[in-house]
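Data first, discussion second: the structure below is written as structure tokens.
Think of it as A, B and C in the order they're written, each chain with its own count starting at 1.
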Amino acid sequence: MSDAIAMRHVAFRPGKDFAIRDLSLTVPTGSIYGFLGPNGSGKTTTIKLILGMQEADDGLIEVLGHQIPQGAPQALARIGYVPERAHLYQSLTVSEMMDLHRAFFVTWDAARAEELRRQFNLRHEQRIERLSKGESGKLMMLLALSTRPELLVLDEPTDGLDPVVRRDVLGALVEYVSARGATVLVSSHLVHEQERICDWVGVMDGGNLVAEMPMNTFRSGIKRLRVSGAPPVLPAAPFTLLGRSATAGTEEEWGVRGWQPEMSAWLQAQGATLRETIDLDLEESFVELLSTARTGGTA
Amino acid sequence: MSDRRLIVASLLVMACAVALPAQQDAAALAARRTLLKTRVDSLRAVVDAMEAASRDSVIGPEVRVGTLRVRTTALLHPAADEAVKQAVATARRVLGADADLLASRLQFTLREQRGSQRWSFFPTGATLGLRANDRITSVSLDAWLDGKAFPGFGISYPMDRAALSSDVLSVLERAAAAQLPAPIEPWLEGRMPLRPTTADFWPELYRSLATAGASSVRRCVAGERSLCRLALALDSLPGDRVAAWYSEADYPALARVSGDPTLRSRTFRSLSTDEQEDCTVRGQLDLCRRMLSQLPKESFFIPMPGVARASLARLALETGGLGAVERMRASDGASVGAQLSAAAGLPVDSLVGIWQQRVIAARPGSPLPNATFVLASMACIVVCGAWAARGQPWK
Amino acid sequence: MFRAVFYTQWKWAKPIILLGVLIAGYIPVEALRSMAYKTAGVYYIPSLYGSISSASTGYQLLALGVAVVVAISAWQADAQRQHVYSLSLPVPRWKFVLLRFGAGAALLGIVALAVGVFGGVAAALAPLPAMLHAYPAGLAVRFWLGELIPFGLIFALLASNPKRVRVVVIAIATLVAVDFLLAAFGVTKTTEMTHWLWDALYSSSGPLAAFLSKWMLIDV
């Protein structure tokens, strides 16, 4: 099995105002794939398509070797899922929810579940409707991890959680992944958090995947250049010009990807002068990428 | 009709008012009485003529089935034709050629009743507030036997053919029963049993007889044939109806339910409320006997219900076949049992035995739901389950 | 798997099931002790039969009420969370739906069993006349089937998506409304347009046959 998740030319239109068109996405096996994008970009919809909860209008989806949606039950048996909003049955207690979940997953690890329950400080008799947001998040992560999944799909797992809870949840996740070598697809709009744990990144915007690359490439690849005296029309460059905007006089700011210092010679050959090279952090890179995608530039 | 009666009454009053000043002598009085009578007779003739004219005012095609004629309007003719054919065919199955003889003496009119109508919605009865004048609101069926009127029937419009057929048949039943001699005519409650029994008639009859208030009826259905004759009152009515038809266990309930409820306090005035309750609540038989003895014997009706009696009569007619009705009519003055026996061509005990066996055999079967019911229910449940299984909450 | 699903549905439907069991016990007691006229321990048979017939209506209302509440409670928790949890489970959707259906049917069977047991005990303790007999098992079967039909209908509606439910409800409401309007304007008799539908529904082999017959604990 080469990829844990493979989507090819997937199209889906859930309503009049939003559509996913020609989405192709790959999550390599054993990777921690960060699924970035602003709110409403289609991350949750894409996850639901991957899990077979919604049926795509067109295209191919394969998860852990199973075609979706036909093989969704077989795939779901090997997936741990934490949704964006708590999906648990409110009138049950913690132990009742664990018992229910256990009944459906043959890979349920009771000892691990109990260990996590103690670690997360959840009591058996607590009713789910009485749990705080953080406790609900921890319970959902407990349920996902206790089934010993090969693939974890986490939709905004730490959204709204305080730093302490977030640390606990992410800690358990990282521990599991490093011990089991599982694949993780984690969707979030918290870019800094993704930067710490992910080794692949996919950026979603307006139903389209605008970028997909290793995290290192993403992190280091996008820079901002301050350039002066550049001609209006440029020939083909040795780097990817994401966008250019005028600042003052003949000065411009360029967003670029794949920039190397020796490429300044090319600039000089065009009659332009490199004033400054600005390194962007992940969030700035992310914003730059989205701006480019929205204005129709090349990402 | 009410308008005509009013006119007649007014004219009669005026005619009487003319006769009030009684100042003449006896001869003159007699002459005046004769004159008055002549005037009243002529007024009655006017009423009869008006009614005949009203019958004749139904202009349209006449429905003829054998000798039975129904005068109706062009609008109602097609439905009336079919309904009357059905009624006459049903009557012929029992009466044979007698049905046509009877029908020739009957006259029917079927008329539209028009008036203004407000449309209403079911079930709240709220009205729409629209009125239409001169709409057909209902249909009236009137019948005469040898010129004497039967109570009429009102049928809603649009007309239900089955209802019309049933009403025509009701007239035929009453007309046929009117030709029967006593005591069978009152025993049949004025209706010849012309209608065939339906499939669920006998099981329901068994049920109603097995749960009757009179022990004689219950024991008849349990198999005691002698009590069937008693409960059916095929011979003369017993002197002591209570002792004949009811067991002691029935007395408290019988004392409670018998008699005119509006006259109970007067009927049982010799007994205090406590004494009455000693019978009706605590079951003290001597007090029950006292209460029952104070009720007139007419308070105790034949315990076998009318539908059961009608079913026995119908059985007798079916068994007797051709000529059964004539033989029944010819046995004037005999007991009900003898009349039925004459019709059936069988001894009355044999006839009652056949009827009793038919009732007992119709005892409802297993109370468990029958196969059809179970299959239909399971089919519905399976369809629902399959529909649910195909449901997708987000599609 | 079924045990886990049954447990959750039992938890949600427990109040109505327990109430149903209590009512199932109350109905025969009321019919045999309070309603039927009895003197010195002997029933007046028409009164007894009448009170049992009234109890039949009580049983039908009980079945309908319990069935509706159990059907709603089966899906309420999922509906509140847009069915996300059930859709994320590693079972085909149809299998999960049938597990829920089976659990609901089993819960309804508890009340049916109570109807049979309590009815049988009450009838056994009552001085029944010779011509009448108690049929608690027949009543329990009829009761259970009578519960399952409305349960199935409502369960199927709630398992569908809201659009499908709207279509079904609007179609039925339109049919009934048009029929009443035509009848009110005298175009047809009251139910002539849909008489074939009512005939099919109310016939002795139709889905509502359970509610046409009497549910008699005691009969001839």
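Assume a residue touches a chain if its C-beta (ideal position, glycine included) is under 8 Å from a C-beta of that chain, and two chains touch if they have at least 3 such contacts.
Model, not experiment: these values are computed from the prediction.
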Most distant chain from chain A by Cα centroid: B
Most centrally placed chain, judged by C-alpha centres: C
Computed distance of Cα centres, chain C from chain B, in Å: 38
Whole-Å gap between the CA centroids of chain A and chain C: 50
Separation of mean Cα positions, chain B and chain A [Å, integer]: 84
Of all residues in chain C, the ones touching two or more other chains: 82, 87
Residue numbers of chain A (touch at least two other chains): 53
Numbers and ranges of chain B residues touching at least 2 other chains: 394-395
List of chain C residues in touch with chain B within their complex: 37, 39-40, 42, 44-49, 78-79, 82-83, 87, 93-94, 97-98, 101, 129-132, 135, 137-139, 141-142, 145, 148-149, 152-153, 155-156, 159-161, 163-164, 180, 183-186, 188-190, 204-207, 209-210, 213, 216, 219-220
Residue numbers on chain A that touch chain C, as the complex places them: 51-53, 73-77, 81, 83, 85-92, 96, 99-100, 102-105
Contact footprint of chain A on chain C as seen in their complex: 1, 3-5, 7-8, 11-12, 77, 80-82, 84-85, 87-92
Residues of chain B that touch chain C when the two form their complex: 117, 119-122, 128, 135, 158, 160, 206-207, 210-213, 218, 221-222, 249-250, 252-253, 256, 280-283, 363-364, 366-369, 372-381, 383-385, 387-395
